[in-house]
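One structure is given here, and the rest of the page talks about it.
Chain lettering (A, B, C and D) follows the sequence in which the chains are written, and residue indices restart at 1 in each chain.
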Amino acid sequence: RESPTTTSGTGGPAASAAASQVAGPGCSREAIGYPRVDVKDAVVGFSQSEKEANPFRTAETRSIRDEAARLGVPEDRLLVTNAQSDVNKQVGDIKSLLDRGAQLLIVAPLNSDGLQPALEAAKAKKVPVITIDRKVSSEPCGDYLTFIGSDFVEQGKRAAEAMVEVTGGSGKVAILLGASGNNVTTDRTKGFKDNLPAGLEVVAEQTGEFDRSKGQAVMEQLIQSNPDITAVYAENDEMGIGAVTALRSAGRSPGRDVKVVSVDGTRNAVQLLADGAYNAVIESNPRFGPLAFQALQDFADGKGIPENVIISDDRYDESNAAAKLGNAY
Amino acid sequence: MTVETRVRRASWVSVLQRQGAAVALVLMVVVAWFGFPRFGSPDNLRDIALQSAFLAVIALGMTFVIITGGIDLSVGSVYALGGVLAAYGSQWGFLAALLLPLAVCGAIGLLNGLLVARTGMAPFIVTLATLLFARGLLLAITSEGATTYRIADDSAFLELGRGTLLGFGYPVFVALALCVAGGVLLRRTAFGQSVFAVGGAEHSALLMGLPVARTKTLVYVMSGLLSGLAGAMTAAYLQSGVTVIGVGLELDAIAAVVIGGTLLTGGMGTVLGTVIGVALRTVIQNVINQIGTLDSNYQSVVSGAFLLAVVVLQRSPAKDPDRR
Amino acid sequence: MTAPAPARFDRRRTARWLQEYGVYAAVAALLLFNIAFTANFLTVGNFRTQLVQAAPVCIVALGMALVIGTEGVDLSVGAVMALSAAVIPLYLGYGPLPAVAVALVAGLVAGAFNGVLVAYLGIQPIVATLALLVGGRGLALVIADGQLVQVHDPTFLWLGSGDVLGVPVGVLLAGVFAVVVALLVGRTTFGRQIVAIGGNRVASTLAGLPVKRALLGVYAICAVLAAVAGVLATARLSASDPADVGLLMELSAITAVVVGGTPLTGGRVRVLGTVTGALLMQLVAATLIKHDLPYSTAQVAQAAIIVGAVYAARERSSR
Amino acid sequence: MVLEVVDVTKEFTGVRALDRVSFALEPGEVHALVGENGAGKSTLIKVLTGVHRPTSGTVLHRGEPVEFARPADAQRAGISTIHQEVNLVPLMSVAGNLFLGREPRRFGLVDRRRMNAEAAEILGHHGIREDVRRPLGSLAVGAQQMVALARAVSAEAGVVVMDEPTSSLEPREVETLFSVVERLRGRGVAVVYVSHRMDELYRICDRVTVLRDGRRVHTGPLRDLPRIELVSMMLGRTVGDLREHGATAFGDEHRAATEPVLEARDLTSGQRLRGVSVSVRPGEVVGLAGLLGSGRTETARAIVGALPLDSGTVLVGGVEVGSGVPGAMRAGIGMLAEDRKAEGIIPNLSVRENIVLAALPRLSRFGVVSRAEQDRIVATFVERLRIKVSSPEQKVSELSGGNQQKVLLARWLCTQPKVLLLDEPTRGIDVGAKAEVQALVDELARDGLAVLLISSELDELLDGADRLLVLKDGAVVDELVGDQLTQDNVLTAIAAGQPAAEAS
């Protein structure tokens, strides 16, 4: 009965997809017997997963801080930790947030699995936990309150659709994968490949580890060995930008002879899109602050909270890039 | 060269040098205790102990390896692999969950040991290769990291990571027991003596008829086993075989061992020092969290500065070959 | 002489030959394999790509080889690359030359820091440089405010994408540095002193060699070379990315050096071997990508190749 | 025969160190193994003890052919060895070294208390009264050698092999060693004894085997063999050639200048040097005598700037020398270090590079070294010191101990020093080479070099030095000149033992 489950399997966002936006009555405070804690008077803990060294994480943390400030949570009552990409440290971080008196928790999990002990510690103290950006494979409305974030499989699917639009449905695609062992990588790959029409053939799948220079290096290799590549799907913007640089130095013109589609919505990528060197960017929205605090307040007010709150992701393409540049993070 | 200069230093300086890590640990704890009200809370202390336990088990193996003059860079990958294998094995019950990782990780340790001891290749490079190898193996059995094996809620194996005694998690006791056993092994057995001898003067040890190759092989096997065990306990604690853990862990382990006063060139070191080194690292991390407002980028700067401060503080004249 | 002697002698000769020329043979074998089995391998563009990608590792590995020759190791090279990348955008406003100069000075300072720790405070190299590995990248991120910064200065970008007589700038620089380092090691007092210090530090001290100064110099050179690699990587990426530039570079560089036949125990520096080692690792990576092998297989293959190459090139003890 | 080798050949790459050597050892005999440096003595011993595997030939143990795959095998067969270089673990305690591999146990665990007590007792028998918990490396070389001896004989062995055991021992310890050898003989243990010191051989050995260039040239009883004949067999020269020389190769007194070139005043460093003053004039050989640990080496190290001083000055030609070894070198001081392996040779470098190492800055323009210049100098010294090498590019670690010593001497001579400090320059050197080195020292002094000579062999000091300083406990206790240079005077001075300054 202890069968392995893939993170993209039943527990993952794939199952819940966009439809779960409003799933039944939801999880309410009375149902699980948690105390009422008003956001404004609470000590709020935020556990960030990795260094704020990329635009997504920077925007994510800023969004939480900004919203807290807007709601009037004093600076010293918002506790922030950073797990520096270490799952064990994140477990410790969350426990230490609880020790320091956090009454509400917002967690950006480093990984879908592995936070179980921390979530249980929160549960024992009746502290509601909202996970953002990445869904954990634990019990919603038990181990944690709700998940707010994007649906990565959906993002992959939308990228595939964008790819069909910009290529006309035929060509040879190279995929720049994210870091191995990361469920974002898995989901964005699955969503993309499952929705690719037969005319678009995947000729290479290599990891660029979500890193611009690795993406560039891999693309340089691929364009040499597969000169007939007509499109690139990068699982984040950074690798996409790296690919653009690689294509340019190989004498190709990205955006025209080789189409580039990626996921994220960073300013640099959207700028390239506006400049015509890029073809589409599927947004992965990092602005969780308002939704997260809203959910916590709703919970305090006794409302039912849905199991998944799917944040709406925008899409940038040639037509709207210039106009929406200000939106990109 | 060793004793010569040491004799000449004022005694408190030499205490500071030899016990640098312990002094730093005490200082840290005292400052944190009074500086941060939550630091001394039982919950926090238990967390610190638990957080230290996993690293302590790995660093214990690393201590033996380093005393023989070697190094084991593969521990981080092997640790992750051990966790995945334990979670995978847990579907066949407790024993499988424990033995599968131990067998595979022990085999990787054996591979390290044989390559180092029998071919004379540098440990740094051998274990660098097995670092890649173990990571590759891990990815291969998890379909490139896409599959995460979870341990069922009712599995007895979970207890190993999550059970508590007097509020402290089982891993703490496992780590303590292993460290005591390791200390005895190192100090009070013939094997331990040959570990020191191999690291202090390998050629002499050979001429004295010690089983040099076997000693070397065994320490790598130990390191592999302990890393695998730490991985298994972590899997039990996290309730799943997380694929992304253990990256860069080898450096943490090495730093802890060295901070604990073990000579990287071999021949000298203690298990107690390693335990102190591990505790110091966890406490520092905990304090950084307590401060709370530190930008995540500053955190590594602070860690680096601490590391530096401790090694400079306890810089033993034995390590300066020019001071004769 | 007894009967089996000739056979034994032959094997010993093969072993010697492998030790001396193993890396070169491995590179040749891999080239042949690719020519036979990899599509579009024999093109100018492809070779160019391989050389361009190998150049930063090669430059760092040259410095690393010197450090390893003194029986040391420098784990901080990746962090130094990040530091050098981080300062570039801050000074690019004054022009590309000052920006590059400041980046190199940053490397020099980092190297001097390592050198003082190792030479004057007697801290073991691996720990001394570990401190900078842990803290240095954080510092770089603090300097850069944690952000990737796009670089637009065309003169600066020329370093990453330009050519001199058809040779990419980075490749040219790597070549020049290789020659300079080879001359340094083989022909200068400083070079011979480095090797002597690595061979027997006590004896070198007693022979009146300026041991501390030489060590300081070696770590400084290594860090400056790492800074050069950081500049090149930044120019090639057209962005300063302190979070990722040079990540795990220390391991790549050490691997290149050791695969190239320089023993980690010091006392010997093989410059051409180091360059070839860097090329070998580059070719391995390229081959694995070009054949679209999954990451797991790629890692295992790399592990096997490292072990194989070092096994062939190891020093045998005669008994 | 307890141990026998038949027709053993051992080749290293390019060198045939042993060429069909046969050698047999009877129970209860002390068998001398002699030969020039590089004759193959150590190699033969290493074949006997499982360190090297012979290229061809067989080793027989109690009549049975054996193959020792590693030293442990030989030890298990009851062969224990004291190797030429001290082979113990410096960072480990003295007691730990003594019992390494056969620690006393209690409940399966090492019984430290018993181990320390027994170690103290055993070492006491050998005249070592140091704290056995100290790291071995903190003992003087001689004491370490005694620990190695104690270790070798405290094992239940049928054969004890000693490769130059006395080279770093003082007379009293040599006596201890001899009594140990006597006891072994009494117990029927066979002893292989390698030494370059003829007196010792004739005192304790029963039979002798002479090796020359890797071949056995003679085996037979020692007592009736005239000394000069033995030497002639070793060197391969006729007896007539050798007659002219005395015990050492030093000539008469030197004519020294009046003004000292080296003046060291009041050198003080902790308890080890307590106000030592030394001066040496150009053309003079000043000897330093004293027991082991009396501070002779420290004096030399202090002069050359390798020992941190609490106080004291060193002047060369009236000018204070710069700091550290480079400073002393610039002033024209060179020191031949005592421990060849640890402090002298750079093992991975060639003979050429080892010779020119210290002189490199002088041989280079703008930091670039001139190869032709190097080759010229190296050729000169290889010839002048008769260094036995297959080529200047041979690795120095492949040379025999004596030849390594000559390489180091060459290293200092090519810096053209004004003052040369020689710490045990003839330790471990064969009779032939020893005479050469001694003659060389003589010649150098004649050419106007100031030489400070440290030696544990009293004969060497008495013959070689023009003036002798006797050290005890880090202080000068007496100064002997001219007719005063006799063995009795030195021993009396050591026995009396008041520092000169206080005595007067």
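In the analysis below, a contact is a pair of C-beta atoms (placed from the backbone, for glycine too) under 8 Å apart; a residue touches a chain by one contact, two chains touch by 3 or more.
Only a predicted model underlies this, so the values are computations on that prediction, with no experimental measurement involved.
Along touching chains only, what is the step distance from chain A to chain D?
Minimum step count, chain A to chain D: 2.
Indicate the whole-number Å distance between the mean C-alpha point of chain B and the mean C-alpha point of chain D.
Computed value for the inter-centroid distance: 43 Å.
Between chain A and chain C, what is the gap in Å from one C-alpha centre to the other?
Centre separation, chain A to chain C: 36 Å.
How many angstrom lie between the CA centroids of chain A and chain B, rounded to a whole number?
Their C-alpha centroids are separated by 33 Å.
Send over the residues of chain C in touch with two or more other chains.
141, 146, 202, 205, 294-296
Which residues does chain D have that touch at least 2 chains other than itself?
51, 306
Mind pulling the chain A residues that touch 2 or more other chains?
In chain A, the residues touching two or more other chains are 51-53, 180.
Taking all chains into account, which pairs touch?
Listed in label order, the chain pairs in contact are A-B, A-C, B-C, B-D, C-D.
How about chain D: which of its residues touch chain B in the complex?
It is residues 51, 70-72, 74-76, 81, 83, 87-92, 96, 100-101, 103, 105, 108-110, 112, 134-135, 137-138, 151, 270, 301, 306-308 of chain D that touch chain B.
Applying the document's contact rule, which stretches of chain B touch chain C when the two form their complex?
Going through chain B, the ones touching chain C are 1, 71, 115, 119-122, 124-126, 128-133, 135-140, 144, 251, 254-255, 258, 263-265, 295-305, 307-308, 311-312, 315, 317, 319-324.
List the residues on chain A that touch chain B in their complex, please.
Those in contact with chain B are residues 1-8, 48, 51-53, 79-82, 84-89, 91-93, 95-96, 98-101, 110-117, 137, 179-183, 185-186.
What does chain B use to touch chain A in their complex?
38, 41, 43-44, 47, 51, 54, 88, 90-91, 138-139, 142-152, 155, 161-162, 234, 237-245, 247, 285-286, 289-290, 292-293, 295-297, 299-300
Which residues, counting only chain C, touch chain B once they are in their complex?
73, 117, 121-124, 126-128, 130-139, 141-142, 146, 201-202, 205, 211-212, 251, 254-255, 258-259, 263-265, 294-300, 302-304, 306-307, 310-311, 314-317
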